[in-house]
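Presented below is the structure to which this report refers.
Order as written gives the chain letters A, B, C, D and E; numbering starts at 1 within each chain.
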Amino acid sequence: MSAIAATEPFLERAPQLLRDAATGFLPEPWRWLVNSLIAIGVILAVFGTLFAFLTLAERKILGRVQNRPGPNRTPLPFIKIKFFGLAQPFADGVKSLTKEDIVPRDADQVLHFLAPVVLLAFSIITFAVIPFGRHLVPVELDAGVLYFFAAGAATELAVFMAGWASHNKYSLLAAMRALAQLISYELPLLLAWVPVVLVAGSLSTTEIVTAQAGWKFGFLPHWYVFTPWGFAGFVIFIVAALAESNRSPFDLPEAESELIAGHLTEYSGFKYALFFMAEYFGMIALSGMAITLFLGGWRAPLPFLEWIPSYAWFGAKLIVLLLGFIWIRATFPRLRMDQLTRFAWKFLVPLALINLGNAAFWSLTSHWTGALQLIRWAVSLVLIVGPFVLMGRKLSAGVAPRVYRYAPS
Amino acid sequence: MSPLQVCLLFSSALFCIGLVGALSRSNAILVLLGIELMLNAANLNFIAFWRYSPAPAVGTGVLFVIFSIAVAAAEAAVGLALVIAIYRHQKNIRLQEANRLKG
Amino acid sequence: MLGSGLLQGLGVTAKNFVGSFHDPARLTTTEYPEVKTKLPEAYRNFPFLVSENATDPMGTLRCVACQICEKECPPQCIFIEKSKDKKPDATGKLQLFPAVFDIDVSVCMSCQICVEVCPFDAIKMDQDFEIATTDRFTGLMLDKHALAKPNSYFHEIHPTDAAEVDGRLAAERKAAEEKAKAAAAAKAALAAAPKPAPAALAATAKPPAAPSAEAPKTPPAA
Amino acid sequence: MNAALAFIAVLTLASAAVAMALRNLIHSALLLIASWFGLAAFYLWAGAEFVAFAQVLVYVGAISMVVLFAVLLTRRSRQDLAVEPASLGRALSALLVGATVAVVLARAIFATPLAVAPTATPTISVRQLGAQLMGPHAAALLVVGVILTVALLGAVVLAATDRADSKENAP
Amino acid sequence: MSVSDLSSLGSPGGSHVRAVHDEFHGDLLEVSMGPHHPSTHGVFRMIVTLDGETIVKLKPVFGYLHRNHEKLGENTSYLGSMPYTDRLDYLSSMTNNWAYALAVEKLAGQPVPERAEYVRVILAELTRLLNHTCLAGFLMQDCGCSGTPLMYAFREREKILDLFESLSGSRMMCNYQRFGGCRVDPSADWLDGAKKLTDGYGAFLDEFETLLTGNEIIMARTQGVGRLSPALAISAGVTGPMLRATGVNYDLRKVDGYGVYPRFDFRVPLGDHGDVYDRYMIRVLEMRESIKILSQALAGIPAGPIMDPKAKLRGFRPKAGEAYGRIEGPKGEIGFFLISDGSPNPYRYRIRPPSFINLTILEDMCLGQTVADAVIILGSVDIVLGEVDR
């Protein structure tokens, strides 16, 4: 971790100070080990809690969107106060832990067991390179972004394992869908962040955040999302992230109305909870990466808000993105498999490639100033909006609202 | 035995496993996987030699592996497309039966 | 442009999300065991037997065991056994009464046909829907003790209906009493006027509430 | 250091060997993925971070998916996944060839003076790699690009079916 | 399964069904969807043969909810069958009641007072609103919305059910119509409530359509899916919105002009494609027409008796003869065929259930589509298993 200047605000340094106070007395190799363990423990604890309350938030928000209150009856243990159903995640946890774990007789026992474990493990290790705060990067890797997506690529493998091992036809269909979805959306996901790497000139997450420092006109942050190519990249990234984390409207592998529960059909109890956890961890990790790549990481949005510690900003952005995911889930229906793949190959991938050229143009013209700056913006906007409109029209060809006739009376 | 030799032995063992697999199995996919293993063994050698080279900063070995991985990806894509084409013709993927040049 | 429909949809859900916090029309849930919505007066769920008096429910049942409801009940969930002897009813007239009157509410579908066909206003629809039990055979087989509920309860749950029924019954009883008086007077007059008596008898023989007259129970307020 | 190497080597070799010997295709494919992970671990051990991640991304993220897809597409029933074992003669001759190659390679390795001193793990930054790729190796990069494009098109042509139109017509 | 086998599975009206290739001979997957599947709308079962995700064969299996309804009707008095008709299509008991009452009234030559006819129209149109709203919600649920449109639909449905409850005493099992009128006269308050609901329903439909109709995903999912040709629809006896979505102008409210429908001004929307989107949209447009009918009926409802004074409840014995009463239910033509031999029970009691008949062409619509399509095609047929299995 980078050295911390003592001039920084106390809150900014607080996590490190706390850790150093706890482990400062240890000799060097041990200190490193204990520090790492503490980092792992803290990540697990913080994001585990976030997961627990995110499930509650999702259900409450879905409820509110659907004009019902959502879970609100689970009392806190012993004191019997229904505090907005805040104890619901714990009740769910106890329930899933105590439920019978059913493994179908003909299932591939080993793979059936391994699938949730592998999925959760790969979801968690992606957290290693996300900069949660100015000094809060678990592992600084030179190729951090690449690491993140390499680790994330293995998650659909686990979905496939689950679907195949269950020995259930619905699960098998889900496994096929998961594979097709991964192959289709891996590419736009990767192509969406390549422009960022191109402009930032680094694959390291910390350096990408550093590259987004500063303000234009004193208030507009230099986040990539506030550039034409960055906004397009962000949208493509979020769409592909929804698909990668099997969230609605891309939740085809576990499409309830079609495949019952897809790859989860034959899972129960704790293994099911692990899948659930992994889905949320994956969602959190991808949101964290989106923040790092496009939303300025842990940076404050306005100069006078910089006194708020960086990790708080990261947390705030994370929660906003996650709530957006929930909002999208509450609104959209599901795509069909062929539409899903066509959307990826015929729309997202070309758009992401054009966006890459756009970013190259942006990076080549970084020295333009004054009126040229306006031209730069205009060209960049045209470069992304034009293809979006044209390809969007082509993609939705034949799909339009209809006018209906009435019988002559 | 120097560490480089260990690496090389590791690589040659992997190569031979791939070779035996590719030669002994009749399933087209398994043969392809065996060939992939042999390619991987070659990559392993490059990295090993780069690791113990006098000037690792040049990075030729690493670059070679990167190219090799790209070629392996292309090979896998074409190979598996071939497997599917074979399956479509003869309804199985046993290589012994894939002895016609005409579909 | 692609996506405009999706954005509109997001707008609708956002409006509903915000609305659920301040607009009662967008959060219609009542939290049932704690809060109970008022049941509409017309609500019906399972029949009960009307007794005139809360203190002696078995002695004052209006039911005369005519078995019409038993016959008309579509799922045939009513079982009646007539008594061997007769008991005076509310008007003092000797009537049969049900020795056994069972309703299997696990079969009953609350269709109200027993109420509609009953000529004596003896069976009415209850509003009690919280009858869940773990005992599925005997717990849902209600006998006449469980079924008997006083007229005051009927007034409580269906006030309009009950007032109408009571008024009609009172009128009929009054008519019957007058008729009885007239008959007694006629008897006392001893063959002074033998003609009107059969007509009066014919009137009493007609059931007090013809089914067709049953239909407009709640007269149009319009 | 060497303990880690031995660990990685044993895991990788074991999973590769078992994968090549198993009858169940899916198990074979998954075990091979494990051995690819082992290779990535070896690259990490050797200090080639970028290659390690690329290995995982390409092999685990892409090639394994294509392999599994091919396995699922080329079966008629679940029983089909159990591949019949190779005939004894074939297996024996393959083993013989393999063993011969192994012996030749091992002799070559031991015969060559490769006594290098154990050095610290080298590092090569992504920036350096990029400079190399775009500088002296730019031609190779272009060629690889062409190969990948051609392979993609070739794969599509090979695997595409006559009914390509039926799905495309749907809205 | 070979190509020649498959061609024999082709539909009679088969031009709209995509040709199904079977190039991976034998690589077919037989999946049993139902009877306990999240989206089969009750205990319905489809044995689906898949090539990848494409349906090459679909065999519907029903009867899990068979309750012997028609035989029961022959052993129950005419009145006793009325509550059972509630349980046919339990979303629209009011129209079932009406169709049955109409058949018996025809059989017995029983006149109906005018006020009762108006009340019947009001209730039938409310039922249509209720049923179509729910159907749209369920259809969107099948498309994969996480319950949101369904909950909005249920929010509005509750209001209609509250009206039904305060009038008939029960939310769904209304048992309201009688031979020769209606059981209870709606009060002025009730009519006001219905008017308020009618006035507010257009706004709800606008919101609902903003959420769904222009949604690109829904259009992509439903347009061109589950096409039904008018010829096949007619030869299969399909009725209701499903038939009108194919462009056939057939609405019993116009054709038969039963009740007091000829007095109201309303239009019959027609589709041109016969796909799932058309079926959804036709229902939405029908709801808008229903609102028009409702406001006309609520404005013009006359005073008077609600029951014909001569109508008999107990001891009802129509003279020997036969009658067929049909109305335009929300799902299509619901009809009751009765033969009387003069006894208190009908000699023959037969139902024409629209759900069942519309369901018979499920396979024709599903061939060549994917599993995901089959689910929404089934959803767009609008079935209630109580009516299908009887």
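Following the convention adopted for this analysis, contacts are C-beta pairs under 8 Å (C-beta built on N, C-alpha and C of every residue); 3 or more make two chains touch, one makes a residue touch a chain.
What you see is a predicted model, and the numbers here were worked out from it, not measured in a lab.
> If each hop has to land on a touching chain, what is the smallest number of hops from chain A to chain D?
Between chain A and chain D, the shortest chain-hopping route counts 1.
> Taking each chain's centre as the mean of its C-alpha atoms, which one ends up farthest from the centre of chain E?
Measuring from the centre of chain E, the most distant chain centre belongs to B.
> If you average the CA coordinates per chain, which chain's centre is most distant from that of chain D?
C
> Count the C-beta pairs in contact for A-C and for A-E, then report the pair with the higher count.
A-E
> Can you work out the whole-Å distance between the CA centroids of chain C and chain D?
Using C-alpha averages as centres, the distance is 80 Å.
> Just how far, in Å, is the C-alpha centre of chain E from the one of chain C?
Averaging C-alpha atoms per chain gives centres 33 Å apart.
> Provide the C-alpha centroid distance between chain B and chain E, rounded to the nearest whole angstrom.
One centre to the other, that is 62 Å.
> Any idea how many Å lie between the Cα centroids of chain B and chain C?
Whole-Å distance between the two chain centres: 85.
> Which positions in chain D touch two or more other chains at once?
50, 54, 62, 66, 69, 73, 76, 123, 161, 170-171 - these are the residues of chain D that touch more than one other chain.
> Could you pull out the residues of chain E that touch at least 2 other chains?
23-24, 26, 148, 152, 155, 211, 214-217, 219-220, 223-224
> What are the residues of chain A that contact at least two other chains?
Counting only residues that touch two or more other chains, chain A contributes 65-68, 172, 176, 330-332, 338, 396, 398-399.
> Could you please specify the touching residues of chain E with respect to chain C in the complex?
Residues 76-77, 79-84, 86-87, 148, 152, 155, 158, 162, 165-170, 173, 175, 178, 181, 183-189, 191, 207, 210-212, 214-217, 219, 303, 305-307, 309-314.
> Show which residues of chain A lie in contact with chain C when the two form their complex.
61, 64-69, 73, 327-328, 330-332, 388-389, 392-393, 395-396
> If you look only at chain A, which of its residues touch chain E in the complex?
Within the complex, chain A contacts chain E at residues 62, 65-68, 169-170, 172-173, 176, 248-249, 251-252, 255-260, 329-339, 396, 398-402, 404-409.
> Where on chain B does chain D make contact in their complex?
Residue positions touching the partner: 2-10, 12-21, 23-27, 29-30, 32-34, 36-37, 40, 43-44, 47-48, 50-52, 56-59, 61-63, 65-67, 69-78, 80-85, 87-88, 91-93.
> If you look only at chain C, which of its residues touch chain A in the complex?
Interface residues on chain C, with respect to chain A: 1-3, 6, 9-10, 12-14, 16-17, 19-21, 26-29, 31.
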